[in-house]
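Note that subunit A is present in both complexes that follow, paired respectively with subunit B and with subunit C.
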Partner chain A sequence: MESSKSILAKIFAEYYLSGTQAKKDKQPVAYVTAFTPVEILRAMDVVCMYPESYAVVCSASGKAKEMIHSSRMGSFSQDLCSYSLIDFGTEHFGKLPFGGLPEPDMLIAANNQCLTTFLWFKLLAQKKNIPLFVIDYPVAIEDQDSVREYIARQYESLIDFVKQHTGHNLNTQKLNEQVTYSAKACDLWLKVHELNKHAPIRIDAYKIVDALFPMVAAKGTKMACDYYEALVSEHQHRNDVSSADSVRLLWHGYPMWFLAKKFPGDFDEKFQIVLDDYTLWWNLDYKSGTNDIDKLIPAYSNTYLNWPIYKKIDWVSELVKEYTIKGVICHANRSCRRALADIAPLRKELSKSGIPAVIIESDMANPDFYSKEQVNLRIESFRDTLRT
Partner chain B sequence: MPTIQHLLEKCKNMVSKPDSRRAYLLDVPQKYRGITGYFSNYIPEEIIAAAGLYPMRVIGFWDTSKSPQRSLFNPVCSFVRDVFLAASCGEFSFLRNIVFPNSCDSLRVLRQMWEYEIKKPKAYTLLHPINTDDSSVQYFTHQLKAFAEEMKKESGVYFTDAELKKTIDKYNQTRDLLRQLYDIRRTNTFLTGADAVALMTAGLILERDEYNSMLRQIIDEARQNSRDDKNLKRIMIMGPLTDNYALLDKIERFGAIIVDDDITNGSRYCSRDVEMTGDLYENIARRYLFADPSPTLNSSIKTDEQAFQRRINGLDLQGVIYINQKFCEPHVHNYLAKLEILKQSGINVLMLEIEHAGLDVSERDLLRIESFIEIAGRN
Partner chain C sequence: MKYFLGIDAGSSYIKLVLIDMAGDMTAKSIIKRGADIGASCQKSYVDLLSEFKITKDQIAGVIATGYGRKQVGFSDEVITEITALAIGGFAVDNGVRTIIDIGGQDSKVIAIDESGKVVDFAMNQKCSAGTGKFLEVTSASLGVKVEELDALSQKADKVLNLSSTCTVFAETEIISYIAMGEKKENIIKSLHSAISDQVIGLFRQVAAGDRGKILFVGGVSLNKAMTRELSARLNRELLVPQHTQYIGAYGAALCLKRKNETAS
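Right after this comes the complex of A and B.
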């Protein structure tokens, strides 16, 4: 079996090359937000590029600070989402990692994670004078038929929109392939996390964070599935990552992309982050629905950030039980307003069930909001709490 | 008949003084089945009122002196943080229920915290769409009908379409009167901009018949006592909910007159009427989706740009002051989008970021406003 490292390198190269190649071949390129149903777009031969994922690359390569400065947003750079600021910075920044993303022909935004992505893409559409399509997911679907119908009609409009701007039709066979691989990748992605369900820890949590890229950029591909299969196979028998009696911690929320190991604090064998629930936000449910388009309705409506508060609390509490977690570190990420809603309530609810939690205020991509000393101090005092 | 000064004083108190507002609301006529608080321009007051409930827009400036010091994380906008603090102090306990929009992320945070922590009064969310195409109208119509059923159950007033029509008529009258007021203010400086905004904002609280009659009296007097002070710099204000009377008053004291606005509690509130024939719920949906849009709506970029351009062309403006609440993300984006158009039209723009609850304007901001108005229109 090919190694996961080798497959990941291929996925990375293929993704970034596909953008450049698309421009050469005059194939349409769309910028999409993280939870856009790209299965539809790819089944219409549209090359999808993720500015958010690119912002992660820029942050991880240490360029975030300069790029945010280049965004020329002045005092707003303190207030807006750092992914969007990095993206606005690309326009005026010299040497971009991987040469930057190709110019888009269209923009597709969804509000199932936040309103920011819509506002950001709307501004981009205006600046670049290119068409924008917004998929509105008003709420996580429970039994609301009207919401389901509304989203179904929007998918029809999306297909018309893409056809109008590219001349391409929807290839239903390709769509089926995409949805099937997306669903399979989600199952495998869950297995990757479950490597750490019980002691001993089989894979470092930051390595799971690093493994997220194919879930985003290679969604609906066989290669993504191959990658996760290889990852599971390589780690399932490992037992050298931590000692069996380490204190198991859960990281709640976004990682800090600018840190080499994605999480702050000097964790040793005795205290280990076994899971970041953020990476499980990509574990969408493709199983409900009568046909491929129908399956994409609940999958993309029921995203974590679209859930009501008690569902979020219940879900994290369940993970705490399943993964025998002893303490939770909550990242209050100033870039993501919607993710902030559950931080204080979650801490309160966990505390009721005897699980201590600490809140760290920082940012997912902008190191300006990260104070190493303060964060370490807080984590250290949290470890003292756990020791007692 | 009360004097204009008396009426304007009442409006200013309603907007800026929590005690006056509370006293007025506690005295709401008994004919109502309770007070329904609501946020945003996308909650149709017509439906709330038809159900015999008294619609009250949640604006700023509540008494938070009993604050339990609980707050929301910082990037949540200052308006939402203020409302959360006020709610934690029990400032909304007199409401029968409260209606949230499906709007910006800060309000979504508040909605979730309401469910988790505030709990009372009972909260509803009206899941309006952010798109404005035909399927959005259809979807919104359905949501409005469901919302009407909820309000009927809440109040026990099972209103008919004919009764809804009567209420719509009242609100159409308000919108029409407010538009007349805008027309007057373009050429007539009888009312200061600060007073006009206080008058419009108070309308979000005052009883509808009383408010419409107040507007008629003020419009009549403004027409009879037309003034045109050409020494004042013609300014437009833009932004989200702008209910800080003290700030607007200070802007005008530097020698300016606010002749128009693009604010939530201003022109965006009163643009476009609800059609009275056909399916009333669909008409309401159309009115709310096609009125002058909030930045949280995915309206047509080109149409909006053209409409905005036409509007500023006709105003002979000497400057625009964009008053944003700290951390209000939709309006930062709107500012960035409109800035280019204003620059191309040769109009200077001043961006002020204020804390919503900050009745006092900082010395630094006052200096910026003063110098902006001084140079406004020179180029």
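Right after this comes the complex of A and C.
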């Protein structure tokens, strides 16, 4: 079996080359937000690029600070989402990682994660004078027929929109292939996390974070499935990652992309983050629905960030039980207001069930909002609390 | 006679406490932190030994806590302030279940159980609002010394709206109030109210906040106006221990003593 490392390198290369190649071949390129039903777009031969994922790459390669500074020269406030600031900053920046993203021909935004992405894309649309399509997902309180119909109608409009701007029709066979591989990738993605369900853990949580990219940018592909299969196979029998009696911690929320190991603090085999619930946000449900388009409705409306707070708290509390978590580190990520809103009530709820939690304030991509000493002090103190 | 030395290398002051083998505080000192924390601690250590005529051979161990704990090169151990304050606070009064500490650049609320174990804590986030620095900066802009705050605060007849989230903005607001002819006493009362807002926010986050006695420690607890304001807002009595600025250093020294006893 090919190694996961080698497959991941191919996925990265293919993704970035596909953008460049598309421009050469005059194939349409769309910028999409993280939870856009790309299966539809790819089944219409549109190459999809993720500016949020690119912002992650820029942050991980140490470029975020300068890019955000560049965006501020364009009068953007530093209080905006750091992904959007990085994207705005690329315009004034010299050498970009992977040569940057190709120019888009259209923009597709979904509000199932936040409203900032929609406003960010709206600005891009005005600036680049290209069409924007926005998919509105009502907050996923319960599965209602009227909501399903509402989203289904928008998917029909999306297909019309793409057809109008590209002349391409929806290839149902391609759509089926995409949806099938997406569903399979999600099953495998869950298996990757479940490697750490019981002690001892089999894979460092930061390595799971590093493995997220195909789930975002290539999930409707066979290669993504091959990658996760290889990853599970390589780690399922490992027993050198932690000791069986380590204190099992959950990282709640976004990782810090600018840190080499994605989480701050000095963890050792006695205190280990076994899970970051953020990476599970991509474990979408493709199983409900009578046809391929129908399956994309719950998959993209029932996303973590589109849940009401009580549902988010229930989900995290359930993970705490399933993964026998002893303490939770909550990342109050100032860039993401939707994720930020659940932190205080979650901490309170966990505390009621005897699970200690600590809140640390920072940012997912902007290192200017990361104070190493302050964060480490909170994590060390938390360790002391769990140890005594 | 042997001693254990606890050093609390705080963001504003460095506090040293020597305890004897019985755990009693036998000597203490406090100095303003210099630019080089390690050097400030070293000097303070030498001065303390000299003042109390103790030789280095009599020191059974050194432990550091506080913001600069890792820069105390000669310490044998380091612990976080949360643990040190919990041990020190519980040793002062074992009926204490909540400790409020307002230091130079941070404030924290710690909940402990009936055995003195930390069960929860909350700290201010990335700004100095709700800390001693907030009071220092804002009172300086009024031309008032910290020791005058209590008497002036008692003469206030109203509380003004002040930013409780940013020291810099609060200072700007104070300047505006002065320009509008607002009474200094009212501004001072409002400063205490703004700090209380922050600390009460932390207090409410902490699970055991409504049980047992509350100990108020740290440099800001020396300011009676602050104790009064917090006590009134929480509707609870606050205990301010005799050596309130030294509780972290004292708790650290006790921690080291216990570790040594367990090891032997």
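Everything that follows uses one rule, which is that the second predicted complex is superposed on the first by the 381 of 388 C-alpha atoms of A that agree within 3 Å, B and C clash if a C-alpha of one lies under 4 Å from a C-alpha of the other, contacts with A are read in each partner's own complex, and residues count from 1 in each chain.
Rule of thumb we're sticking to: a residue touches a chain if its C-beta (ideal position, glycine included) is under 8 Å from a C-beta of that chain, and two chains touch if they have at least 3 such contacts.
All values derive from a computational prediction rather than experimental measurement.
*Asks:* Subunit A superposed: clash or fit between subunit B and subunit C?
*Replies:* Pair status: fit.
*Asks:* One more residue to check, A:Glu380. First (subunit B), second (subunit C), both or neither?
*Replies:* Once the two structures are laid over each other on A, A:Glu380 reaches subunit C alone.
*Asks:* Can you tell me whether subunit B or subunit C touches more residues on subunit A?
*Replies:* Higher number of touched subunit A residues: B.
*Asks:* Mind working out whether A:Ser351 is in touch with subunit B, subunit C, both or neither, as first, second, both or neither?
*Replies:* second
*Asks:* Per the contact definition in the header, classify A:Ser371: touching subunit B only (first), subunit C only (second), both, or neither.
*Replies:* A:Ser371 sits against subunit C, while subunit B stays out of touch.
*Asks:* Of the two partner chains, subunit B (first) and subunit C (second), which one does A:Glu361 touch, if any: first, second, both, or neither?
*Replies:* The answer is both, since A:Glu361 touches subunit B and subunit C.
*Asks:* Just how close are subunit B and subunit C at their nearest CA atoms in the overlay, in Å?
*Replies:* 5
*Asks:* Identify the residues of subunit A that lie in both the subunit B contact region and the subunit C contact region.
*Replies:* In subunit A, residues 332, 344, 361 are touched by subunit B and also by subunit C.
*Asks:* Sort out for me which residues of subunit A touch subunit B in the complex.
*Replies:* Checking each residue of subunit A against subunit B gives 75-76, 79-81, 111, 114-116, 118-120, 122-123, 125-126, 132, 134, 136, 138-139, 146-147, 149-150, 153-154, 157, 308-310, 332, 334-335, 337-338, 340-345, 361.
*Asks:* For subunit A, which residues are in contact with subunit C within the complex?
*Replies:* Checking each residue of subunit A against subunit C gives 332, 344, 347-348, 351-352, 356, 358-359, 361, 369, 371, 373-374, 377-378, 380-382, 384-385, 388.
*Asks:* If you look only at subunit C, which of its residues touch subunit A in the complex?
*Replies:* 67, 79-83, 117-123, 125-126, 205, 207
*Asks:* Okay, in this complex, where on subunit B does subunit A touch?
*Replies:* 72-76, 102-106, 108-109, 112-113, 115-117, 125, 127-131, 133, 135-136, 138-139, 142-143, 146, 295-296, 298, 301, 305, 326-327, 329-330, 332-333, 336-337, 353
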